[in-house]
Each structure stands twice: as C-alpha cells, then as structure tokens.
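Scrolling down, you'll hit the structures one after another.
The following pair of complexes shares a single chain, chain A, combined with chain B in the former and chain C in the latter.
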Partner chain A sequence: MREKILYLLALAAFVILARDIYVIARFPPEMNQGNAFKIIFFHVPSWVAAGTAVATALISSVLFLITKSFKFDATAVAATEVGVAFLTVGLVTGSLWARPIWGIWWTWDERLTTTLVLWLLYGGYLMFRHAIEEPTQRATFSAVLSIFAFIGVPIDYFSIRWWRTQHPSPVFFSSTGSFPHDWGMVMGWNIMAFLMLTVVFVAIRLEQEQAQREIDSLRRMAHAL
Partner chain B sequence: MQPTTIAEAPSAVRAAPVRSSVVHQVLVIIAKDLRAELRTKEAVNAALAFALTILVLFSFAFDPVEEETKMYAGGLLWIVYAFAGTLVLNRSFARELPNDCLDALIAAPISGAVLFLGKALANYLLVMAVELVSLPIFGIFYYVHWYDHFWQMMLVLALGTWGITVIGTMFSALTINIRLREVMLPLLTYPMLVPALMASMQLTVDLVNGRVIGSDPAWIRVLVSFDIIYTAAALFLVEIVLVG
Partner chain C sequence: MHWFSHVLFLAQASPDDVVREIARLQRNFQFLGYGFWAAWAVLIVFVLTMVSRERRLKREISSLKAMLEERQKR
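Here is the complex of A and B:
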C-alpha cells in the first residue's frame, strides 16, 4: 500500500513537471534576461525542497534526542541526503543562470557563500556519520551536529536582508520586482512537484536505511553466535 | 563483635560530600586543564610554531608591502588563528582518552555543562595566549599598525577567539571517538566558523585602516550573536554528547 502511494506520488510529480516544462518553454522571453530567467522555475523550487528536507532533518534530530528512537535517526539521515542533493541542484541552476546574466559563474556574495557553507556542513554531516561505528553514538552525535548546522540556516536566509548583496532581491513577498500571475501559478505547481519528489526520495532512502539497520543487527547477532 | 553501622563508621569514611558552587567547579576544571597543558606545553608550542610557519608562508602568497597587507591583514590573521587554534582544540578532549580519564570526568559529580565550560575556558586562555604572542610578530612581519585602536582590537580578538573556542571545544567532544579525528575536526569546524571568521576579519581590516567598530555595527552584531547562540547551544547539548 505504502509503495503504491509512493509510486503514485512520483508519477504525479513527473506529470506536473512535464506539463510545467511544456508551459514554461512557451513563455515569452523576459525583457532584460531573455530566456535565461526561466531557470528560476527550477531554482526556487529546489531551494524550497532543500529547505524542507533540512528542516525535516532538524525536527527528526531533535525528536531522536528526545525519544532515542532510531526511526528518527533514519529519517534525519534520509532527509539530509535529499537536502544535500537539492542544495546541489540549487547551486548549479543558480550558477547556470549567473553566467549569462551576471557574466560570471560564481560570486562571493554573502548568500551564495553561506549557502555553499551549508552545503559543506551537511556534506560534512554525511561524512561524519560514516566515521562513527557505534550506532547509538552515531545517531546521538549526528543529531547534535545537525542541530548545530541548522542554526546556520537563519543566518543564511536573513543575510540577504542584513547585508547589501549582488543576489537579486526576492521577487516574492517583497515590494521590489514583480512576477506575473500565470508565472506564479507555474512556480507554485513546480514547488509542489519538487516537494512531492522530496517526500518520495526521503521515503525511499528511509526504507534503505531501515533495511541497512536490520542487516547490521543480523550481522551482529551472527557474530555473537 | 558488634557489626559496625554506617553511623558508627570512622569519620573519614563518611566524609560529608564536598559541596561546591558551579563557579568553583568550572575553576577546578580550568586549573586542571591548564596544569596538564603547561606541564608538557605540547599543544601551545605546536600551535605557536604552526602560526609562525603560516605567517612565513603567506609572505610568498602575495607581495608583503604595507598597502597590500592593509587590505589582507584581517583575513591572514584570522586564518592563522583558526588553523593554530585547531591544534590546541584538537587535544582538548583527546587528552582525556588515555587511562580513561574522560570516564572519570563524566562520572565526577559535575554537570556536562560545567565540564564543557571549564574546558572551553582553559582552551580560550591557551588560544588567546598563542594569539597574543603571534599578533606583534604579525605586525612586524607585515607592517600592520594593529595597535592604533588597541582596546577595540582586543575586543575583536576576545570575541572572535571565543567563537573559535566554543565551536572547537564542542566538536572536539563530538569527534573524540571517531576514525580520522584529525581530519574531521577541521572539516566540521571551519564551515561552522564562517560567520564568526568573516566578522572578525572584517572588523580587523576596519581597525587596521582606522575605522572604529561603531562606524558599521553590523559585523560586531554578527560576532556577538554568533558567540551567544553557539555558547547557548553547546551548553544545552553537551550533556547529551558526553553522557548520551
């Protein structure tokens, strides 16, 4: 049953994405940016997906520390992996957009820098997990590390408002810049599709993680015998 | 013979538990760590030698003339401090591993937060000592007038170093039992330190160029908030890390 729901969710996400790509391809070029602006329809959703995944990792980590249930530890690592994947998509799409518009692949402005730092932190989290053998200690230490890493997220997000940066100011929820209504609709659909994919990916990784845990415990039992 | 009850036991055996305040407990840990370090001086000496080595290497990276170094002073100085500081911090909890000293410390009637605070403060003093020795040398090598706003410079040094120390000590505890500890600690510490290092670098460059701290309060705010937020998080979470 659970698998069928996941398949359905994945299918729906791909249908929405296919339809959106068709619609986006037919949008007229933007006045200043030409066709390059269209990447925003994938750039923003990947940030929303990454943010959601990372927030899920934080909540799971906190819940693990409270309940000591390994279910939450598995959720934390699954969500972090998916988060790192979407962070990568966000960084790459941003870079692809920056090349024709700013003329450079990368700029060391605060938001890009802190995003890269977050990517390094969560990448470090995944490496850190591999370096600890004992499962309880691994789960506990990783949860603490995840909380420390997440504290960086608000600093990341608010940096664009604290410091003057080169990054285009947010066109949503702000007075500068405008986004036509039908574009907003497509963006909304894309965000939803990305979030659905996030759920599917996390669920698949979660199952793998639980299978891995069972294998580990069987192996330990075999050793004990 | 009548069996001896606890009430009748010799007074030495039922000595009243030593009640001590949190401040006293922290001071005991600080004194213990400083004594252990100052007997061998291995971490401090290594950190100082390392700091000097990097300072020499930087002279090859760019032309060390006064106009150039005015722009880069903050970055150079804090990279040196972050690298050298890690050498001290790396040893902080690892030093307790031989003879199971860490287990004894955890079993001691003090909270994890007290142990952490004591260790962090001892590290702070050691890292500060290394920094205060290398600062004048840096000034001489790179013609930097760091003493123009002496007390403001000390404030930046104190706040920036606390940021390095609190993160470094926490991660020293986190990485104590893992493979590749020497690699993992810097890998996790430096990205975490970025806001603190950025702020410290910027403030140092400002001071070297004659701009006082108050002229742009954003960076000092970042530095202070970083210190407060991560100190609170570390004190709150360290018990879980040490005791589980």
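Here is the complex of A and C:
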C-alpha cells in the first residue's frame, strides 16, 4: 500500500512537470530576459524542495540528539541526500540562466557563494558519515554537523535582502517583485510537484537506510557465529 | 503602452538590430532548453543512483542471509 502511494505520487509529479513544460513553452518571452527567464520555473521549485529537505534533516538531527533513536538519524541522512540533489539542480539551472543574462556562468556574489557553501557543507556531511565506523558516534557527530550546516540556510535565503547582490531581488514575498497570476499558478504546481518528488525520494532513501541497518545487524550476527 | 514601446523600438531599429535581437532571443531559448534538460538529468542520475543502491542492498541482504543459514547448519 505504502509503495503504491509512493509510485502514484511520483507519477503525479511527473505528469504535472511534463504538462507544465508544455504550458511554460507557450508563455510569451519575458520582456527583458526573453525565454531564459523561464528557467525560474525549475530553479525556484528546486530551492523550495532543497530547503524542505534540509529542514527535515535539521528536525531529525535534533530529535536524534534528544531521543538517540536511529530512525531519526536515517531520516536525516535520507533528507540530506535528497536536499543535495535538489541543491545541485538549483545551482546548475542558476548557472545556465546566468550565462545568457549576465554573460558569465558564475560570480562570487553573496547569494551564489552562500549557496555553494551550503552545498559543500551538506556534501561534506554525506562524506563525513563514511569516515566514522561506530554507528552511535557517527549519528551523533552527523547530527551536530547537520544542525551547524543549517545555520547557512537563513543566511542564504536572506542574502539577497541583506546585501546588494548581482542575483536578482526576491520576486516572491517581496514588495519589489511581481509575477503574473497565470505564471504564478504554474510556479505553484511545479513547487508542489518538486515537493511530491522530495517525499518520494526521502521515503525510498529511508527504506534503503533501514535495509543498510539490517545488513549491519546480519554482519554482526555472522561475526558472532 | 507596452506594445507602443515595441513599435517605437522597431521603427528606430536597423536591420542589424533586428537580426541581433532575434539571435539573442534564440540563444535565450536554447539556454531555457539546457536548463530544463539539466534539471531532469540531475534528477534522473539521482534516481539511477537510488536504483543501483537498492539492487546492491538486496543482493547483500540475500547473500548474508544465505551465509548465516549455511553457518547455522554447520
């Protein structure tokens, strides 16, 4: 039953995204940026998905430190891995937008730099887990690192409000930006589809973490025999 | 006002300007395509990584279980 729900969610997300590509292609080009502006329809949802995933990792890490239950550690690593995947989508699509609009692939602007630092921190978290063998120690240190890494999320989010950046000013939740209603609807659908994918990916990775724990216990049994 | 500014622009533009503008719009459309493909490609790579991990985990579980059964028989 659980698997069926996950497959249905993934299928629904795929249908929404495929339909939206068709709808987005039919929108007129933006006045100043032309069609490249429409990359925002994949760029922003990927950040929302990544933000949700790393927030889940933060909550799970805090809960692990409180309860010492390994299911929270598994949730944290599953969510972080999905978060890193969506952060990668955000960075790549941002760079592909910057090339035709700014004429460069990358600049050391506050938003871009804090995002790259965030990507490195969470990537480091995933690599760090491989360095510690002992499960309790690994989970504890990883939880602390995950909480530390999350400090970068609000800095990254507010960077375009706190500093004058080359990155465009905020379009949503801001008095300076504006977005046509029908474009906003499509953006909303895309955000929902990305969030559905986040749920599916985290659930699948969580099952894999549980399978990994089963393997660890089977190995311990094999050593004991 | 919006269409009027476009008409005004076209009236002032030379053929070279129009060609340049068309090239700019085409280039932007090309990069929109790259953006969409890149987003899908990253997600597809992530899904393929998960699928291969799933297979490895299942293989490992079944081989460990088989090994444990054999050891218990002895």
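Here is the rule we use: the second predicted complex is superposed on the first by the 225 of 225 C-alpha atoms of A that agree within 3 Å, B and C clash if a C-alpha of one lies under 4 Å from a C-alpha of the other, contacts with A are read in each partner's own complex, and residues count from 1 in each chain.
In this text, contacts are C-beta pairs under 8 Å (C-beta built on N, C-alpha and C of every residue); 3 or more make two chains touch, one makes a residue touch a chain.
Owing to the predicted nature of the structure, the values given are computational and were not obtained by experimental measurement.
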item: Simultaneous placement of chain C and chain B on chain A, clash or fit; value: fit
item: Which of chain B and chain C A:204 touches, first, second, both or neither; value: second
item: First, second, both or neither for A:121, with chain B first and chain C second; value: first
item: Touched partner set for A:50, first chain B, second chain C, both or neither; value: neither
item: Partner chain(s) touched by A:85 [first = chain B, second = chain C, both, neither]; value: second
item: More chain A residues in contact - chain B or chain C; value: C
item: Touched partner set for A:187, first chain B, second chain C, both or neither; value: neither
item: First (chain B), second (chain C), both or neither touched by A:36; value: second
item: Minimum Cα separation, chain C to chain B, after superposition on A (Å); value: 23
item: Set intersection of chain A contacts, chain C complex versus chain B complex; value: none
item: For the chain B and chain A complex, residues of the former touching the latter; value: 170, 174-175, 177-180, 184, 187-188, 191-192, 194-195, 218, 222, 229-230, 233, 237, 240-241, 244
item: Chain C partner contacts - residues on chain A that touch it in the complex; value: 21, 29, 31, 33-39, 42-43, 46, 82, 85, 88-89, 92-93, 96-97, 99-100, 197, 201, 204-205, 208, 211-212, 214-215, 218-219, 221-222, 225
item: Chain B contact footprint on chain A (complex, rising order); value: 65, 113-114, 117, 120-121, 124, 127-128, 131-134, 136-137, 140-141, 144-145, 147-149, 151-152, 155, 162-163
item: Residues of chain C defined as touching chain A within the complex; value: 2, 24-25, 27-29, 31-32, 34-36, 38-39, 42-43, 46-47, 50, 53-54, 57-58, 60-61, 64-65, 67-68, 71-72
